[in-house]
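Letters are used for the chains, namely A, B, C and D, taken in the order the chains are written, and counting of residues starts over at 1 for each.
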Amino acid sequence: MISLTEQGFDPGPLLSGFCCGRAETGAVASFTGLARGEGGATKVLELEAYPGFTEAQIGAIAEAAKARFELHDLMIVHRIGKIAPGEPIVFVATAAAHRRAAFEACDYLMDYLKSRAPFWKKEHGPDGARWIEPRDEDHADIARWA
Amino acid sequence: MISLTEQGFDPGPLLSGFCCGRAETGAVASFTGLARGEGGATKVLELEAYPGFTEAQIGAIAEAAKARFELHDLMIVHRIGKIAPGEPIVFVATAAAHRRAAFEACDYLMDYLKSRAPFWKKEHGPDGARWIEPRDEDHADIARWA
Amino acid sequence: MARVLLFGRLSDIAGWREKTLDPSPTRLSDLRAQLAAEDAALGEALAAPGVQVALDQVLVRGDATLSTRSEVAFLPPMSGG
Amino acid sequence: MARVLLFGRLSDIAGWREKTLDPSPTRLSDLRAQLAAEDAALGEALAAPGVQVALDQVLVRGDATLSTRSEVAFLPPMSGG
């Protein structure tokens, strides 16, 4: 399940639903990305997507993860629009028989979402707004899967 | 927060609570271990702990993770007693500024819980009961952190 | 009437997010030249390394033929999560 | 009266999980010998590689001195999660 939402979401019910009724899945890994306040400065993130294209590109990332890891299932929920510090931006969950595949697929999905999924992120702070691009670590992270 | 419970638990509310009110944490990784039915055979897991000692040893594992990774927080909830297929056995969550530390610490904690935490696991199946010991993969996994 | 979509910092630079070009350029290179002629700063930003192009929601490299119904999106470096 | 605790498969082999030894052995090696004398299969299982000993909830290696209030736990290979 892949979805974009302009509404705030709580990762807990998503994890509960994802874990429920899995008698053969031994391992569920998840990642929740939260908007950081960065030292108390009032900041608001604004995430832009390209409707249709963004979902399709995330779908392709999800298919690549399914082909690469032995997954039973995965879920990706991504927030768009304005996001306050502390609010969830992204939730990814992966289900597999054993924990290594679940962890690695979750890690892989996040690396690709960070620098290959069509989102553009603007940070509104006390000194104005700036566009955020992938960090050096993000490029290094994704290079691990080459 | 480290706790052992004889009651079944839902990982969702644990994740919600763990994520809540974190304006400076960018990344929350979690792992939920579920009891596997293994192909429809009715199996019940029974987990034994050594009260006091088990919590203390998990506490030492948690301290080692905090010393090794830049964590804001962590949570470990472990079920004991009889567990039916599909029910959660363990929930681990880690909070950090960036995702690499959160993922690695969660992975590390699970590897140590799998083969260094004082639990003993018996599987009750149609052909009787057997004690489960760490798999070769578990030994290989924990060797990654040496 | 090809539609042009700008995302991220590109729309800040241009001051618009979406426009239609009538008549439609017949090639992507013509469309780039037309936008650069209207706004040199935008033309430079569109040609910068890391800016990808999606034609009808499919990533393309180099030049491409456009139709009158083409949707051309300029995508600066992406950052989700 | 040293207390002995057995976990996992060790308690299945012994048929008990906890017992008190009175009088208390003064050393861990004496306690091992006493348990092995009572139950050879248990003695062998306790000496198997991978079986750790916690004395008063602290892991110990080799021999150790016991008090009359010592709690000695034999821990086969652990497996959580």
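Throughout what follows, a contact is a pair of C-beta atoms (placed from the backbone, for glycine too) under 8 Å apart; a residue touches a chain by one contact, two chains touch by 3 or more.
Note that the structure is a prediction, hence the values are computed from the model and not measured.
In this assembly, C is the chain whose CA centroid lies farthest from the centroid of chain B. The distance from the centre of chain A to the centre of chain D, with each centre set as the mean of the Cα atoms, comes to 49 Å.
Chain C and chain D have centres, each the mean of its CA atoms, that are 75 Å apart. Centroids built from CA atoms put chain D at 27 Å from chain B. Residue numbers of chain A whose C-beta contacts span two or more other chains: 33, 99, 110, 114. Multi-chain contact residues of chain D (touching two or more other chains) are listed as 81.
Pairs of chains that satisfy the touch definition comprise A-B, A-C, B-D. On the side of chain C, the complex with chain A involves touching residues 5, 7-9, 12, 54, 57, 73, 75-81. By the touch criterion stated above, chain B contacts chain A in their complex at residues 10-17, 19, 21-39, 85-86, 88, 97-100, 102-103, 106-107, 110, 114, 137, 141. Within the complex formed with chain C, the residues of chain A that make contact are 33, 47-48, 50, 52-53, 56, 78, 89-90, 110, 113-122, 131-134, 138.
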